[in-house]
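Scroll down for the structure; my scribbles are underneath it.
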Amino acid sequence: MLAYKNDKFIPLELCTLSVYDLGVLMGAGVTDLVRTFNGIPWMLGEHIDRLLRSCKYACIPPGKTKPEVKDIVDGLIKENYTDKDLAIVFYVTAGENKVYAGSAGISGDREPTFIVHTFPLQTKLLWKRYFTEGIHLITPHIRHIPPNMFDSRIKHRNRLHMWMAEQQLQVPGAVALYLDEHGYVTETGGANVAAYMYNTIVFSLTNRLSGIGLGTLLEAAKKKKIDFSHIYLSLYDLLNADEVWLTTTPYCLAPVCWINGQDIGNGQPGPVWRKLLDTISDMVGKDVYREMTE
Amino acid sequence: MLAYKNDKFIPLELCTLSVYDLGVLMGAGVTDLVRTFNGIPWMLGEHIDRLLRSCKYACIPPGKTKPEVKDIVDGLIKENYTDKDLAIVFYVTAGENKVYAGSAGISGDREPTFIVHTFPLQTKLLWKRYFTEGIHLITPHIRHIPPNMFDSRIKHRNRLHMWMAEQQLQVPGAVALYLDEHGYVTETGGANVAAYMYNTIVFSLTNRLSGIGLGTLLEAAKKKKIDFSHIYLSLYDLLNADEVWLTTTPYCLAPVCWINGQDIGNGQPGPVWRKLLDTISDMVGKDVYREMTE
Amino acid sequence: MLAYKNDKFIPLELCTLSVYDLGVLMGAGVTDLVRTFNGIPWMLGEHIDRLLRSCKYACIPPGKTKPEVKDIVDGLIKENYTDKDLAIVFYVTAGENKVYAGSAGISGDREPTFIVHTFPLQTKLLWKRYFTEGIHLITPHIRHIPPNMFDSRIKHRNRLHMWMAEQQLQVPGAVALYLDEHGYVTETGGANVAAYMYNTIVFSLTNRLSGIGLGTLLEAAKKKKIDFSHIYLSLYDLLNADEVWLTTTPYCLAPVCWINGQDIGNGQPGPVWRKLLDTISDMVGKDVYREMTE
Amino acid sequence: MLAYKNDKFIPLELCTLSVYDLGVLMGAGVTDLVRTFNGIPWMLGEHIDRLLRSCKYACIPPGKTKPEVKDIVDGLIKENYTDKDLAIVFYVTAGENKVYAGSAGISGDREPTFIVHTFPLQTKLLWKRYFTEGIHLITPHIRHIPPNMFDSRIKHRNRLHMWMAEQQLQVPGAVALYLDEHGYVTETGGANVAAYMYNTIVFSLTNRLSGIGLGTLLEAAKKKKIDFSHIYLSLYDLLNADEVWLTTTPYCLAPVCWINGQDIGNGQPGPVWRKLLDTISDMVGKDVYREMTE
Amino acid sequence: MLAYKNDKFIPLELCTLSVYDLGVLMGAGVTDLVRTFNGIPWMLGEHIDRLLRSCKYACIPPGKTKPEVKDIVDGLIKENYTDKDLAIVFYVTAGENKVYAGSAGISGDREPTFIVHTFPLQTKLLWKRYFTEGIHLITPHIRHIPPNMFDSRIKHRNRLHMWMAEQQLQVPGAVALYLDEHGYVTETGGANVAAYMYNTIVFSLTNRLSGIGLGTLLEAAKKKKIDFSHIYLSLYDLLNADEVWLTTTPYCLAPVCWINGQDIGNGQPGPVWRKLLDTISDMVGKDVYREMTE
Amino acid sequence: MLAYKNDKFIPLELCTLSVYDLGVLMGAGVTDLVRTFNGIPWMLGEHIDRLLRSCKYACIPPGKTKPEVKDIVDGLIKENYTDKDLAIVFYVTAGENKVYAGSAGISGDREPTFIVHTFPLQTKLLWKRYFTEGIHLITPHIRHIPPNMFDSRIKHRNRLHMWMAEQQLQVPGAVALYLDEHGYVTETGGANVAAYMYNTIVFSLTNRLSGIGLGTLLEAAKKKKIDFSHIYLSLYDLLNADEVWLTTTPYCLAPVCWINGQDIGNGQPGPVWRKLLDTISDMVGKDVYREMTE
């Protein structure tokens, strides 16, 4: 498999990070992830735009334009895609800290580290259970990053709080759903959460990634004449919803069947989820349910 | 130069991180830093203890005992120390994410990544100006990590907020001093802050690393019959102090002469700072002022 | 068994509450609990003082003096104590809402409802496992009552948040440890938490009951020359302590062996716990370990 | 008068709560209130739905279906309704704590306590003054329950903070209006608050009951071509509104004439209030103004 | 130049404040500012309404009706307007503290101090650089007034926090943009901030003045078929916008080209700004760009 | 009476402020107040030190040294003191805003405005009732300035929130006691609050002026062997204290007898208050009780 690092296509094994890279030293990096359907990247432009917005906000100039990034992705897919769809990961850091090099030194002249790499999506291994049985969400005691630190709309890797929360979940296979500092619902580590009730989809107004998977869901909802609105989302909304879902680029839309041990609806994947998943499948040109379960 | 990674001593250039390492993917790592004086590591036991406490709290079992870590440090110093004192960096991550490998996958069996590496302290290059002219502290708008996420007593690398703050300081060479969510003073990216007034040293009660450099300062203060206490530290205390200092293991104790553009005292390194620095020099067996300035 | 309600000793079965009692309608009640050792109430005066302070703060005049309350307790013990030690429960409400009677009506003339009742402590059934295996603490996502509502030093029964948290713990037999709105440790539903480290006992400075069991512990600690101090207590302190304990009047002092799935010390009840428990046993005149386990 | 408790219709006097009921011990209960107009319950389905949502969120399974609850209500009205309209109160608790039974014990097998009781609405006694003179709202220093504890959309009885606030109001007959932790307006103990200005009704976005009385108001507003929107409601909005009202099921809509000693508008019940009240009267089939004042 | 104070037109030099005025002693005053275009005050009615709302909320009865205030303004313009357009400043305080007179005394009978004064707008001196080069916004560490103190929709002069922030900006000529207690964007000391992106103008939902300049902008936007919405505004929105502007009555609309050292768009005043400024010029009957730059 | 303004002694009537003074325009001023006993200023040095610390923190250089300020005070006392003791008020602002002059302009070269003025203390008129009957404290809903804005240890005049709170107290003659953003007790508009219990004086740790009157109290307490400590002060402490007092320079120490309508102790001025007041009278050389009441 090929990867891309700082102007070169290289074998994936060589695509490593120096211990002096500021991405490692200070978490000074941003990231994004796009997937292919039948070898074609989904919403590639939108994902690159979001990456560049993350770069701007995080003070990490990427040193690449949108067309340049597109070319890199095309190059990698050409080389790496066989029959299994790919995840394509962008990772941009502030580069190497030449002097010092503890966590807070003088960094001198730097070039950003710009990495793109891919891997085949192990859809069944990772998500079959989500689609056939449903997801169990647990809200850990650890709160999400507050806007006083930075805006969660950027996609980054300062996720030690998530690591800690996930190690402490106490329910095998469960997914952590993070609350914000005030107690409202934000997002999981890899997905937005949405609730369906009274023919309306509601999702969180604040403190979450601007999910592109969520955008795809909303487009599917429009096709099915389902309304949506963003609100101050609370567990009250989720627990009393007819259905609750996770949305994300890699697996599109998955059903949540339990939250903190309580059933959502009748504790089974719901019919609206399945209808919207099928609509998304039409949009992306691949039967997502089948991809995840067979 | 040798480094240590996962049970082996290897050349520093080979001591890199996979893009699938959870330290890179999720910031799931802890760190610590110790320095030598004349080739002898200062407070090595205390630093290892702190590293192990960070591991415990962050749910990252290091897979090493305190004596094993000591042996690794001894091995590296033996090999790497010549005439310049060394910084010794510990970096322990949750290991490689074998499956998936976006930011929130199933990690399967993992071994922690345990890295120790060293570099010669470029004392003059980095800190001469601190010691001869004094430090300018700026309080950025970005707030420090709140205890609702995790306790800042662990030493970790989720510091994107610090990266962003430092890029925005607007004063060349200034050091960022972080406030907490309520507006109180916490710490800088690499040091604790202390204020001296009425023959007493005051420092922040909450939201900061348990600084070992601070411990050294307090021991020096005891020798000089100076009191100390931790308080809810505010800029009011710092701005009206006789002297303000940064304390940290690498450069021990440095004078702050300005905060947000205002003079501390007469805007020059103060006499109590110098007296305590000399006391510390006696304790560590090396003239620290000279090391930093000549 | 006799109970006491509004100036009369009555059979326990008749000691019920009207659905129009403001304790039921609005949670407008305060409570306290004292236990006997060999039929003698422990720290009775201190418990009554605390009850009266709760009444004052909560705007619920009890209509009883300290000596009158003591007489009631004496009367109940005389009648109800056989060979098993008793818990004695005080419950004082704002009385019955004569008019209206939804949750926010005009209450007219009211007499407080003053109830005292007892039950034999089922020590083995409830706490044997705590003493022989140790307690598992889990920190739920639900936060404790903040001082902006009222001070947690009163003992009251507005504990729906605790009920909800306990239903969601996901670990059978575990005890919920509540964090405050900022992420610091407060207390469990029935006990104070204390950590032992470096020959010092630390416990939470804020947002918790002024535990009388904690007072007993500190007196025992003095006898054994162990220091103590109250701090902003965090999970970092607990996880890295040598031992962690719960203190409360009914079972005095019990060992915590796990927090959120991680071992405290070696994951077993510790020697300092046992030493202090024996000291307390001497103080109260009963072998508490035996009472709990045999 | 009959009441209903745990599968039986019983005389109201026998409808009491054990001191071991978790509703009493821990406030582990939810509630709701519906009223009749001419003996017919208003929006009964909506109120039962809200009760069941409260049960779900509060982890208190009611053990009853919506049709079963309807039947109970019908049974009680049949028996208890004469010429005065009734309030019908639902109160569901987690049941009796069989073992222990202090505030935090092991509860063992439990059946929920499900109570329904009624009382004739003393409309004149309670609310005549509201309708003829207007209400004086006072904002106490005590803040409302924050979402970090639980969502105020459930109707429950953990209202000790309200009890305390009401005892301290210092203005006879005034009604407490609670602010949230940030200083925004939430609700009173028994009603939602709405402001009218520029032909628009505004009410609080967060931290309040999903008022069914508010729903009735909004329906009446639609009929009169008045807009409405929910906002971050502040005292600035209320003080500068043309009119301010309280909405609640029992008295429908009442005028607020003063807040913290200041006049709203000209300090008299306003014309839009009266117009909407008459519209509501048409909707419910009873002259509400007359019911409250004659 | 004439000014107006407490029922009299007086020379500006005599329009001073006693050191016992509560506006001086306690900041107990509200203010507003309107400007003329070609001698005609812009949106005078709206500004007086806002002043009166500020008075009501701040408990400072102005002792004047809207028509009376209009007459005062007309009188001053007649006297003071020559060829340069005027700013007209309203300042209403709680009056003089007759007894005591430290900051918290008994004030006895008081008359409000009602001042109106004018000055010629020094447009070029103050704002030419804004229009030709663009504004640099800096977000200081000091947070804006929270709603727990009072609502920022009133225009008042308790701005010591702004004074302090502005003294500490470290960038000559930069303008401070204040964040709220949670980290969201509010306003500058004299203007609202708006961002333009995807043909939509977004601005802050909370914690800011109800800007009349903003109202003018939105009316201009309607004419140009540009949408707008208020949101929880963050630096992420501003940094990634196509254009960012300040809106305020005196200079209408000015372009922001840098925030915290980073370029907005290409770091130059944008075309949509210029288009909307010209639209506003048509609305107010004066070429604002020319007024500011020539 | 003479006053002092910007290097000149002038008649008090001429000591006024321009409407363009930044103290008026932006609240950009700091203040302090000292009183005389028998014509001798009490703790003059401490008060000037505090004034200068306020200046430093608030970025308002006073342009005067401590000896210069002392000389001004001496000059005024000489001229103004007859038989009634004086209050001496310092008020330092950032000076006049020469250009613009709305609230946020360019200020150009400025000289600080430095005012000192005096008035005879109307002790009986203002405080007799405090000493003979006791003070009623009310905690308003409005919260005190949070440290996120600035530190309340400076004495300033941004007190619009206090003005508003005092207008809304609803209890004639009562004094407002401000809570902080979290619900803890801070201070009143003119005094620190202290509680006495178990032979210990407790007072608030945070968010309050560093009261010099409090310093005097603590010195008196030492003489009487009474302990003291600062804590997170809550209404629970005050309501359950034996005595509660206000301390401030002008009236030294006054008894609080009610808080929010509830008695403190027996609702009468207490004996420890009187004992300490007499001790203070000895220290200051004047019978303060007599001064206030006769």
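Letters are used for the chains, namely A, B, C, D, E and F, taken in the order the chains are written, and counting of residues starts over at 1 for each.
Please note the rule applied: a residue touches a chain if its C-beta (ideal position, glycine included) is under 8 Å from a C-beta of that chain, and two chains touch if they have at least 3 such contacts.
Source: prediction; values computed, not measured.
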Go through the assembly and pull out the chains touching subunit A as well as subunit B.
C, E
Greatest Cα-centroid separation from subunit E: which chain?
C
Of all chains present, which has the mean Cα position farthest from that of subunit D?
B
For copies subunit B and subunit F, work out whether under half or over half of the interface numbers are shared, and give different or same accordingly.
different
Between subunit D and subunit F, tell me the centre distance in angstrom, where each centre is the average of that chain's C-alpha atoms.
44
With chain centres taken as the means of their Cα atoms, state the distance from subunit E to subunit F in Å.
32
Distance from the mean Cα position of subunit D to that of subunit B, given in whole angstrom
55
In subunit F, what residues contact two or more other chains?
57, 59, 143, 146, 148-149, 167-168, 181, 183, 262
Based on the touch definition given at the start, go ahead and assign the chain network to line, ring, star, complete or other.
other
All pairs of touching chains?
A-B, A-C, A-D, A-E, B-C, B-E, B-F, C-D, C-F, D-E, D-F, E-F
Contact residues on subunit F for subunit D in the complex?
138-141, 143, 167-168, 170-171, 179, 183, 260-262
Of all residues in subunit E, which touch subunit D in the complex?
53, 56-57, 59, 146-149, 151, 153-154, 181, 205-206
Residues of subunit B touching subunit F in the complex:
181-184, 232, 234-236, 239-240, 262
Which residues, counting only subunit D, touch subunit C once they are in their complex?
3, 15-19, 22-29, 31, 33, 57-60, 87, 89, 91, 94, 99-106, 115, 117, 119, 122, 125-126, 142-146, 148-150, 156-164, 167-168, 181, 188-190, 250
